[in-house]
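In the two complexes that follow, chain A is the common piece, with chain B as its partner first and chain C second.
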Partner chain A sequence: MLSFLGRSLIQKLVTLFFVSVVSFLVIKLAPGQPSQIDPLNPKFTPEIVERIRKVYHLDQPLHVQYLLYYKDLFTGKVVSWRDERPVLGKIWERFLNSLPLFIVGTLLTWTFSFPVGIRSAIHRDGWYDKSTTLISYFLISIPGFFFAYILIILVVTKLNVPVIDMQTFGVTSASPLVHFMDRLWHLVLPSVLGATGGIAVLSRYVRSQMLEIIGQDYVRTAKAKGLDEDRVYYRHALRNALLPFVTMFGMILPGLIGGSVIIESIFSWPGMGRLAYEAILGRDYPVILTINFISAVLVLAGTLVSDLLYMVVDPRIRLE
Partner chain B sequence: MNIRRLLIFLPVLVTSVLLASYFWVPSYEAQTRGNPDRLVQFITASSGDAKYLNPILSSDSASSQINGMIFEGLIDRDENLNFRGRVAKDWRIYECAYFYVNDQATTQRWGKLDAAALARHLNQELVGKQPDWQHLKAVELLPPQSSTQSHTLGQGEEARAIEVRVDAPARIRLTLDKVDQLLFQRLQTLLGPNYFSTFDPTPLVHPSVELPSDQLQALARQMLPATVHNPIIEFQLRPGVRFHDGREVTAQDVLFTYNAIMNPKNISPRSPDYEPVQSVEVIDPLTVRIIYKRLYSPALESWGMGILPAHLLNDEALAVEAKAKGIPAEKFSLRQSDFNSRPIGCGPFVFQEWKSDRFIRLKRFDDYWEGAPNYKEYVMRIIPDPLTQEMELYAGTIDDYNVQPHQVARLKKDPRFQNFSGTSFGYHYIGYNERRPPFDDPRVRRALGMAIDVKKIIKYVMYGQGEEITGPFPKQTDYYDHKIPPLPYDPKGAVALLAEAGWKPGPDGYLQKDGKRFAFTLITNNGNPIRKAILAIAQDAWKKIGIQVETDLLEWSVFIEKRVNQLDFDALILGWSMGIDPDLYQIWHSSQTGKYQLNFVGFSNPEADDLIIKIRQEYDHAQQVRYCHQLHALIAEEQPYTFLFVNRWTALMDKRIVREVRAADGTIAYKPITPTKTGTYTFYFNQWVKLPQAPTFEQ
Partner chain C sequence: MMQPDTQRPQTVSDDVTLMPPSRSPWAETWRLLRKNRVAFTGFIVFVLFFFIALAGMALTSGAHPVLDPAQVRLQEKLRPPLSAPKLDSLKPEEIPPLGRYVLGTDDLGRDVFARMLQGAWVSLTVGFVAVGISVAIGILLGGIAGYLGRYYIQLGHLIYWTLVVCAIFLALAQSLPAALLCTLGAGAGWLFYYRRRRHPDRPVAKGLRWLIWPAISVDALIVRLVDIMLCFPSFFLILTVVALLKPSLFNIMVVIGLTSWEGTTRFVRAEFLSLREQDFVAAARALGLSDLRIIFRHIMPNALAPVLVSATLGIASAMLTEAGLSFLGFGVPPPHATWGNILSDGKDYIFDAPWLTFAPGITILVVVLAFNLFGEGMRDILNPKLRERN
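Right, the complex of A and B next:
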């Protein structure tokens, strides 16, 4: 166990190093200049452009830039080119904004997918199964922004309440409960939208897993020996069907820093997605690289967590 | 069964908690009509967040909009685009001009004479005597002067400093009460046409190291130029203008703002505007004098820059902040200061609160010198999506909305809102690379333009929200000559013109000349649906007259870096957004045709070059307008671009917002808000009020 952890950690550090090099190269090799340099602004003389490049060390060779950046990152001194504010502080602020959206979205996805998928599997090819299949494909194929617009127009015109931003704008001096509920309400639409695709996909997955398990000999044996259906499906079958989902749980971690650009832009949500998107548009390299690095760390941590969880839930698996 | 129940119970629980929150959320009603504060609050929306709330560092539109509220410059443009004083009460533009006495030359009028006699003659016969020389106020003789100066040779890595001894001869100073770019031409009628050009400074300059003769000559010309214009602007500041913290705005603050812009540590994007400044002098606390190195009329505009408070940002203040943050003082500059996120200026609104990517809140400045604005609060909400902006406008939680072209026809009729339209500053064009034949032939460029039906593009691509444009100046300024007709849509004429240029239809239907087919590639950037549509329309229009056109859409930075900057294109579709000032040097002067420069089409015309220089050196508006009209006609004749159209903007606003004009006797009159030539409707913002009921105005 310990040797597994040790080896795994070393492997992941090596991977992380390569990820950092590759992501650095990809970003540097992509065309474009930091937004401070506007090539079509008549006022930008070559001297100014040169001075800006110097300040940001863009005149140095790539490996020097790489070292300078990672030195800044690990000493916590890396600042955004957009406004000279510390990148880690900016990311932390956006992370806190995106976190509730992520939690509620994940809750919705995971609580809905299971009952829907299991029922579809049990009543395979029945009207319920067919209609959920249809709805799932509908939800998967509908463009997120379009669905969002429809929901916003419906809610705003029919219910006459605000939906954008993290809380209602301009209403102050409310009690803590109203404040909390207000924030909760503003989570509803974006997280529902964020979860629809997830529910559609995950419930399909649950269904196919259940179907596979239900077809197994031991389920037939359980049924044959007279156990009631609920006990067969929800105890014997479900426990075995759950195995692959345990690994998926580890893969949720990177989502913490992802955030959705489209949902956040439509709902004016000041989250991670918008930060990253604007950083890419403005070629704000420190922000892009930091987010990239953190998500790489989270992906690697996620795989480690999945491995460990797998070991816990399935005693047959031994990690060597 | 427990697990089954749990699986059903959990989603129900999550859903009900989420939906229950609906009963607590304040309705739009509570935000708008039910909220008395809403009447004294102006809320606007912006699609992007501000970056720096500091006018010398910002260059994006959201920051500029907020900075315009918090900061105030010395001057700005009034509704007719003329300059008016803000922090400056008044200003005066005059000039000192210098020339070295040329001992070798014989003057045309007085023969050969020494410096003292020349000064005496000029003084006696010109000052206050002749009508042509009304503006000449004084002539003085400055004695010869020897000095040692250090000078940097070469650039970048190879730069080295040398000492140079300069034996300057006697010099004559002319003081004029207005700037006259033709001064030395006029003097040549008295002194002889070669008086200035034969002045040879080379023997007067002695560098410490041996230099090749051409280098020495260039150095001497630079150190002892035969003639020099020093335009001077003297600003008289308005007494009693205060920063939001109560300190009075003085000439020291103006000087500080200038120094902050020029400080290389601050890498201010504004510094090129101030490069022609020779020095800024504080005469007294309310007078500041700016002396320029050379004639440069766009200079005045640059003093619209918001004035920074010196006492909060000077070296001592920054050192204190650096120490508090634990950063070594020499690494800390204005760029890192917290001032940029909680600024203090002397404009009509005081900074309150900034929540990144959510909103910026300002409150009115009660001690504003022109009287406090009517609105108590100004809020900019950051709402990236136009549809949600529109929904918020309907709900009344924002007050204005910039309408997309396709929505204009529908929303202009909406009785709930007032609407404004105007012409934007900028235009779309097709540019031809004149280095590559056949685009070097103006007849070909003209024919290509005539084949495109711009009216149809405006009608169908822009939904009518555009106007034809014929030249490079903003359409609503005097510099634009409305008498110049747009190119007619005339494909037959285009074919005839091309035939005249030697392009005749070949056996395959395509035009050809000397056995070569007329074929080229038209490119533009990806992500702009309007340019993409023009791309297809132009391709089709040109195909109809027998030209084979390939098209290509490129990602913006590839487009700029690999094609435009490298001058590697045949023809491209782009747009310019412009300021009011008519200086066209960077975009049209023949010296700007290199790689990474903005005259990428390679337009080069000596007559145009001369006019461009004259325009940027002319300080008299009427004369400048005459030059501009000449240049406009010349460019329209040459057709280096096919000028397409300029956008029209439209905005919607709450109908209850009006202008409240207070007369001198205290009576209040309400006036409707109208757009101004400045390209906005917010010109009189400080007078705006929101009434509980929409008023009706007589038509």
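Right, the complex of A and C next:
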């Protein structure tokens, strides 16, 4: 156990090192200079461009830039090129904004997909199974922002609820209850949208997992013993079908950053995805690199956690 | 003794009773596809879409296209679908050849139907080329990892190739002294291996023995490579690269292709690992066939079915990715119309001209849905467990 932990930690550190090199190279070798982001601005005289390049070490060779950047990152001194604010502080602020969206979305995903998946597995090829399958494919195939616009039109015109941004402008002066309800309403659409894709995929996965377990001999035995169906499905089958999902707990972590760019852009939600998007637009390399690095750490931590969880939950698994 | 066929009256029932129905794998797949109604519908839409895209390319390209997607008619902007053009305000060459704006016009008075036709071709190209690239990389890396994975790479080889890659990168980044240094190192490495190849039985000098230390197996190297790629959130990576490289049709296809090969690599590797141990591969090896021939003629056809399924699903997701990039302003730039950029241009007129949003939105939905249903259906059909039951 300890040796497994030690070896996989070393392996993950090596991977992380290569990820940092690759992301650095991708960004630095792309054509275009961050100092020339606004070439038509008359304030950007050659002297100023030169000064910018000096201040941000852009005149140094690549490997020196790499070392300087990661030294700054680990001492927490990396600053954004746009406003000179510490990158970590900026990301933390946006992270706190993304967090409610992420939590509500994840909760919705996990609470809805299991009942749906289990039910369609039990009533295989029934009308329920067929319709949820079709709906799932519908949700997987619809372009996210198209779906978002349909929902926004519905909610705004039928329910008269404002949904853009995190709260209605000026609502802070209203009573706490109104304020709270306003925040809640603004949370609903983006998190539902974030969850739909997840529900569609996860419920399909639950269904296939459950189907596989239901086909096993011990389930037939349990039924043959005369146990009632609920007991067979929810005590014998479900427990075993749940095993692979334990590992998925580790995999939700990276979702904090990844899939939220489009949704946060639609709803002008000042979260991590939006920060990443703005950083890309402004060629704010420290922010892009830091977000990339954090998400790589999250992915690696997620796989480690899921490996460990699997080992704890399933006694048959022995990771040498 | 078997009688010759000429003397025996051959009827259909005769065949059936004498031997089990023997169908070629293709005929069997086709039969199962016909039975799976949902997948078959997906297949029909898939084929229809293919022909529409071909027709779209024929009708909208060239110097004088039949339906001109770039024809601007500012006096006719935002006309609803099926509306007739106001003939007296149009020059003869501006009159839509169909006599009506089948899907309306956009904010510049361009015929949305013509743009959708052009977009069908562009979207199809984006999907197919991107998936083609990712499948090619996936098959190559997965095949190498699965078939040749047991071989070890020597430390010297690793250093040698790292130096070569570094030299190329540094030369591109125009830091010449460092590039020269790397080239020198790589040259020394080349000399070392050249001499080893010339005299394979001569023992390596004691000081250089660490160079031939087996550092990592080919398989482990490729699996690590996949791990590294999986650390990047894919949409964010695509967005970053496309934004930094300036969006163009070519860049988008290549970038989507280069960032989505991990899945294919993984299961091609898994397929190869299991197929490598089968008897027919041992037989082929006993016949003295070359590795390349065994990989491409003997193993690959057996591993191809799941690759094709995931390619179908990959085309669907590439089209969605392209639409998402268009929405964020990094899609295929204006001279080409794609469904993604028609959709994202339409969002500014969603209340005044909903057809600009709904026509491309619903089309993308239908086509992607068809690809997904067809792909998933094929996955079931090609599953041998299911085959026995039917």
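Everything below uses one rule, namely that the second predicted complex is superposed on the first by the 300 of 320 C-alpha atoms of A that agree within 3 Å, B and C clash if a C-alpha of one lies under 4 Å from a C-alpha of the other, contacts with A are read in each partner's own complex, and residues count from 1 in each chain.
We take it that contacts are C-beta pairs under 8 Å (C-beta built on N, C-alpha and C of every residue); 3 or more make two chains touch, one makes a residue touch a chain.
If you're wondering where the values come from, they're calculated on a predicted model, not measured in any experiment.
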Open item on the list: Quick check on the superposed pair: does A:I252 touch chain B, chain C, both, or neither? Answer first, second, both or neither.
Closed with: neither
- [ ] Please indicate which partner A:F138 is in contact with in the superposed arrangement: first for chain B, second for chain C, both, or neither.
- [x] second
TODO: Considering only touches as defined above, state whether A:Y149 meets chain B (first), chain C (second), both or neither.
DONE: both
Task: First (chain B), second (chain C), both or neither touched by A:L243 - done: neither
TODO: Decide which partner touches more residues of chain A, taking chain B and chain C as the two options.
DONE: B
TODO: Return first, second, both or neither, reflecting whether A:T111 touches chain B, chain C, both chains, or no partner chain.
DONE: first
TODO: Based on the superposed arrangement, let me know which partner A:S23 touches: chain B (first), chain C (second), both, or neither?
DONE: second
Task: Touching partner for A:S295 - first (chain B), second (chain C), both, neither - done: second
TODO: Give one of first, second, both or neither to describe whether A:V161 is in contact with chain B, with chain C, with both, or with none.
DONE: first
TODO: Identify the partner contact of A:V305: answer first if only chain B is touched, second if only chain C is, both if each is, neither if none is.
DONE: neither
Task: chain B and chain C footprints on chain A, overlapping residues - done: 30-32, 149, 153, 265
- [ ] Provide the residue numbers of chain C that touch chain A in the complex, in ascending order.
- [x] 38, 169-170, 172-173, 175, 178, 224, 227-228, 230-236, 239-241, 243-246, 316, 320, 323-324, 327-328, 340, 343-344, 347, 350-351, 357, 361, 364-365, 368-369, 371-373, 376
Open item on the list: So in the complex, the part of chain A that touches chain B is made up of which residues?
Closed with: 30-33, 36, 38-46, 48, 51-52, 55, 79, 82-85, 90, 93, 104, 107-108, 111-112, 114-115, 118, 149, 152-153, 156, 159-162, 164-166, 168-171, 174, 177-178, 181-182, 184-188, 191, 230-231, 234-235, 238, 265-268, 270, 274-275, 278
- [ ] In the complex, go through chain A and note every residue touching chain C.
- [x] 14-16, 18-19, 22-23, 25-32, 61-62, 134, 137-138, 140-146, 149, 153, 254, 257-259, 261-262, 265, 273, 276-277, 280-281, 283, 288, 291-292, 295-296, 299-300
Open item on the list: For a test of understanding, state which residues of chain B touch chain A in their complex under the given definition.
Closed with: 1, 3-4, 7-8, 10-11, 14, 17-31, 35, 37-38, 41, 43, 48-49, 51-52, 59, 264, 267, 269-273, 275, 335-336, 340-341, 355-359, 379, 381-385, 387-388, 391-392, 394-395, 397, 555-558, 560-562, 564-565, 585-587, 596, 598
